[in-house]
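Presented below are the structures under discussion, each in the form of structure tokens.
Shared between the two complexes below is chain A, which has chain B as its partner in the first and chain C in the second.
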Partner chain A sequence: MTAIVPGTVPKSSPRGSGARARMLRSLLPALSLALVLIAIAWLNPRAISYFGFNLMLNLAIPIALATIAQMFVIAGNELDLSIGTFVGFVGCVTATWLRDAPLIGVAVLLGSIGVYALLGALIHLRNLPSIVVTLGMSFVWQGLAILILPKPGGKAPDWLLAIMSFKPPYIPFPILAALIIAAVVHFGLMRTSYGVILRGSGGNAAALRRAGWSLLRTKIVLFALTGLFGVLSGMALIGITTSADANIGNGYTLLSIAGVILGGGEFVGGRVSPIGAVIGALTLALAASPLLTFMHIPPDWQVAANGAILIIVLAARVLISRRER
Partner chain B sequence: MKKLLVLSALAAMLASGTALADTSGKKIAFSNNYAGNSWRQAMLDSYGIVTKKAVDDKVVAAADVFTTADKEVPTQAAQVQNLILQGYDAIVINAASPDALNGAIKQACDAGIVVVSFDGTVTEPCAYRVVVDFKDMGKQEVEQMAKFQPKGGNLLEIRGLAGTSIDDAIHAGILEGVAAHPEFKIVGSVTGDWDQTTAQKAVATILPSLPDVVGIVDQGGDGYGAAQAFAAAGKPRPTIIMGNRQDELKWWKEQKEKDGYKTWSASIAPGVSTLAFWVAQQVLDGRKDIPHDLLVPYLAFTQDDFEAALPKIKEGGVATHEYTQEDAIAAIKANIKQ
Partner chain C sequence: MASVRMLFEKPWLWSFVGALLVWAATVSFTGGYGAGGMVTAALSLAVFTVIVGVGQMFVITLGPGNVDLSLPANIGLASAVAMKVMGGSDSMILVGLLAALACGAAIGAINYLLIWALRIPPIIATLSASFIIQSVDISYGRGLQIKPPPGFADFTNWQVLGIPALAILTVLFTIGAALALQRMIYGRSVLAIGQNIRAAWLAGVHVGRIRFLTYTLCGALGGIDGALLAGYFRGANVDIGNEYLLASIAVVVIGGTSVAGGKANVPGVWGAGLFLVLLLTMLNTFGVSAGVRLVLTGLIIVGVITAAGGEKAVR
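For the complex of A and B:
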């Protein structure tokens, strides 16, 4: 698209078309969310209401948090294949220790963030592929979760239940929560100077090192932030479901990666967008469940239809990226 | 004249008996979290047959089936919430988790929706549970084993999907049975996920490290795989408890014809989904006396009657039983008496 035919004057400067492409790219997640919402409104007008948004989107909050968690590692050119089972592990801790022995619960959760930080250090120092390390960790988290909660059960702490069932006036809580998450992370990662360094560690590590920044430190911070948002995701999830299950978060690993990509992020180069990631997570949550339920597809085809919706949504994103190049 | 009409209308209403309220305008949804094995396929088939007839007979207005794409709890919780938005009057559910869906189930109850769970039941008090006594089934496996292997010996246990309530209940029953029969000792335990291929792999892996095994206690869907693993390793064939699957019963028949091989088979009938459907219909019908926990028997086959059942099971399927409205009313009655 940017190829210039010899002899003609380009209509806009390269800089201008780059800005337009960037604009399109940042608008795309919002656009796909709008499309999914329109489809839902058309299929089931009753869903577009305060009550409806509460029901459709409250399970998108933990997905959005897990997506933000995944976004931090992706910003450092890594992938976290353990985030799903980690969310499950946090869920089990939340529904047991955090309620019965808050001090131990808090200590375990902080400790698990520490483990994430150590993983970052290990991956950087030994130059290990993060996919291998986190895949291994996914089994560790799953095993720990089953140890804590051999059979489904436990109960969320009352304060957590109260937070997650909070009903603010006019704006449904899930939308409010999504706005807050997006705003906080956007400010931290996109508007502060250390945020630039963090993204730079994925964009141009060599330049950062020459400038005297510790890459070990950026990796540790990125992984610790992933751990932190993983913990928030697990707690939010248990606040909604009220009770835990060792397998509760397993689907979040791939969902969070898809959310980051749908939200305009790239696997390499430190190119991520917190706002896009949150919107991407909401879109995936809406496209996968409410849209599918409202479409009345015969049961034999529902599973395949779910996959088809995800592919269509993600393919739109890839098409736009290609135009950009 | 007018008075007479009213009177006769009243009489007609009284005569119609059990139907307290009309359910012909009610919509019942079925939330299912998994469809990927023979048991679940049979469950969906039975449900489809019975509900299609119920809709054609105008007993209910609609009975739609919704299956989630993955086995995950959050997906099913979201699905239940969407069914609330869809305006269904009742939700029949085979839940991914007994506890973790309670938040969504409570929201459904609060919206005035009747929730009936079965197989994978939910603990939320407002929901109804159609429960098969899995613990008793596990215990009965060891009791039966004691008949076939009176001298006792080593047992291998094949577990189901880890972290589920069904696996936990059957396992507890087996442990109870072994405690009552100290001549048996569980020397090994593997996870078979109620799936022949998984079970075969798991058993083949643990076999070389095991002493001689006289019997296998399992959870259904894993017996044939275990038999294959023993055959491949060239080990003597133990007494394998079966789980009503067509391939299991067929193998049993072959072995019986060869040398009089004896065992026992039990599992929850997939058609219990239809019982849950009728329970939901009865609640919508206005019955207030239905207990929230309904215990229904599991489906078992013995040496004498399994061959008669075998031809009725679809290739690759599971023995099932489709319940009628009368069956449901009888089951409710049996549970009220207790």
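For the complex of A and C:
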């Protein structure tokens, strides 16, 4: 990490308080979500209901999926600044080709995942800065989205609409979906041996290379996974909004990065947490609009709320880390 | 032979070559029509990219992970502040410019404060700051007098013998920036920090102070850029700075500055800025649609960066 202040040496401290601080730190994402929920419950008790959650967490599924997508690149010490426009592009494909010509639609979406894999290879082979490459790609996706759907419109395929309006008993669908996403990705990335290799490529690439693993392959896999979850996010989004717009996903780039960091992920070192990322995404989805609406704060300040939450959580993390040392 | 090798050793020359090629392609398409006017227009538009590009260059030179993502929000807010302070009257132009400068510098200082106090990567710090700035701008800019005073609008569009006055001033500014980078303790310190932050610290460079100054400088340049943009386009708005996130990073990288830090290049920023603007002009002249233009712009940027290649990061 480059932001380390030179000269600070970790001080040894009693083991007990260190472990407690570490636990507190890993609970921080859940705590911030609980705080936001408590605030909402206090301001408007009726919101904490089956119907209320369905409404408030309406857009949480695509945000959570985009955050997971971003988490994969961050696990490999890269950053994807194009995920937002990519989600928009997928949305446009979903609302047009996937409905009218499903085969072409599927082929285009699979192809776009392939493009992501190629980008990973390119970034690794030429040692390019991912920020610049993905910023460039964000123009490409946006351009393609405009070409596919010059005007807002299109319609989501019926099967997708059916999935996204699924109403399971007792548990609101967004919460159920978030649980499933978190569990699946957690198992894949944290509990399988190749998941360890993927995270290791961000933690200590040199060691992995010496152990005989292909760094090219890990980068390709990480980027392909980002593409895959980006596609899922775009499709989920269209399943909710029913029609598309080329700019529909633009806000997702920053939201997804914020979600990963809120969820306890770090920029370098392959330290990410799928469960945390999903929790981070839920926190942002709840805090951005429902909380502000209940607090009678004008929508102008929605974006600021995201920034403020990010800063508060990071500040809390610093306070805890100080005790960890 | 020696001159050929020199050409290869100075990657920034390629950005000028690229700009020249794009210009030539456009001129041959129009049959020589508007060749001079195109250069004038390119110069006046490139100015805005170059100003923020220089700020971004200093930040990026601080080392891997250093980048200012708050520039678009910063430009948007500063443009609104400048227009509000000027209030449409010519006598307030200087005060308005100073206000924009102060607004930008304050944003830069806050950025560094977040980096320093929260010990977070600059990307996240500037990102969270930009969220908040954006909201402030939306809320502040609503129902505001956003037209520049006529004198200021004329000044930003003023041309001397077909050369925009702003471009001349910006050339002087970039010469100053190049001198500061290569000949002043400040610039050498920035380079030293980018090469090895710990070695620089051990060698007695005031790492914290230099990083603070750099982020503040970048913010201030974003602020002044916002004011000038509002003058040039005759009005401020929230989205006025949006394209400068990609542009500011792209001109730095295409211009031959190392993304790994520690190696900067000021002339390359001009070359890359002209290249990007002329590229857009070319695509417009060819009459391609907005979608195709975006796709081509993106592909060309990715292509140029792939061709330029990254160096082995020293980590």
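One rule holds in what follows: the second predicted complex is superposed on the first by the 275 of 325 C-alpha atoms of A that agree within 3 Å, B and C clash if a C-alpha of one lies under 4 Å from a C-alpha of the other, contacts with A are read in each partner's own complex, and residues count from 1 in each chain.
Everything below uses one rule, namely that contacts are C-beta pairs under 8 Å (C-beta built on N, C-alpha and C of every residue); 3 or more make two chains touch, one makes a residue touch a chain.
Values in this document were obtained by computation on a predicted structure and should not be read as measured data.
In the overlaid three-chain picture, which partner chain does A:Lys167 touch, first (chain B) or second (chain C), both, or neither?
Touch partners of A:Lys167: none, neither chain B nor chain C.
Output check: A:Met56 vs chain B and chain C. Expected answer is one of first, second, both, neither. What do you get?
first
Applying the touch criterion given at the start, work out whether A:Arg210 contacts chain B, chain C, both or neither, answering first, second, both or neither.
After superposing on A, A:Arg210 lies clear of both chain B and chain C.
Could you look at A:Val132 and tell me whether it touches chain B, chain C, both or neither (first, second, both, neither)?
In the superposed model, A:Val132 contacts chain C only, not chain B.
So, does A:Arg191 touch the first partner chain B, the second partner chain C, both, or neither?
Neither partner.
Once the structures are superposed on A, label A:Asn306 by its partner contacts, choosing first (chain B), second (chain C), both or neither.
Both: A:Asn306 reaches chain B and chain C.
Going by the contact rule set out at the top, does A:Arg46 touch chain B (first), chain C (second), both, or neither?
first
After lining up the shared chain so the two structures overlap, which partner does A:Ile146 touch, if you call chain B first and chain C second: first, second, both or neither?
Both: A:Ile146 reaches chain B and chain C.
What part of chain A is shared between its chain B contacts and its chain C contacts?
Dual-contact residues (chain A): 146, 150, 302-303, 306-307.
Residue numbers of chain A touching chain C in their complex, please.
1-7, 79, 122, 126-129, 131-133, 135-147, 150, 254, 257-258, 261, 267-268, 298, 300-308, 310-311, 314-315, 317-318
Using the touch rule from the top, collect the residues of chain A that touch chain B in their complex.
Of all residues in chain A, those touching chain B are 44, 46-47, 51-52, 55-56, 58-59, 62-63, 146, 149-154, 237, 240-252, 285, 288-290, 292-294, 296, 299, 302-303, 306-307.
Show me the residue ranges of chain B that touch chain A in the complex, using the header's touch definition.
Counting only chain B, the residues touching chain A are 32, 35, 44, 64-75, 77-79, 81-87, 96-104, 106-107, 123, 162-165, 168.
Looking at the complex, which residues from chain C come into contact with chain A?
Listed in rising order, the residues are 63-67, 114-115, 117-124, 127-132, 134-136, 138-139, 142, 197-198, 201-202, 207-208, 245-246, 249-250, 253, 259, 289-299, 301-302, 305-306, 309-313.
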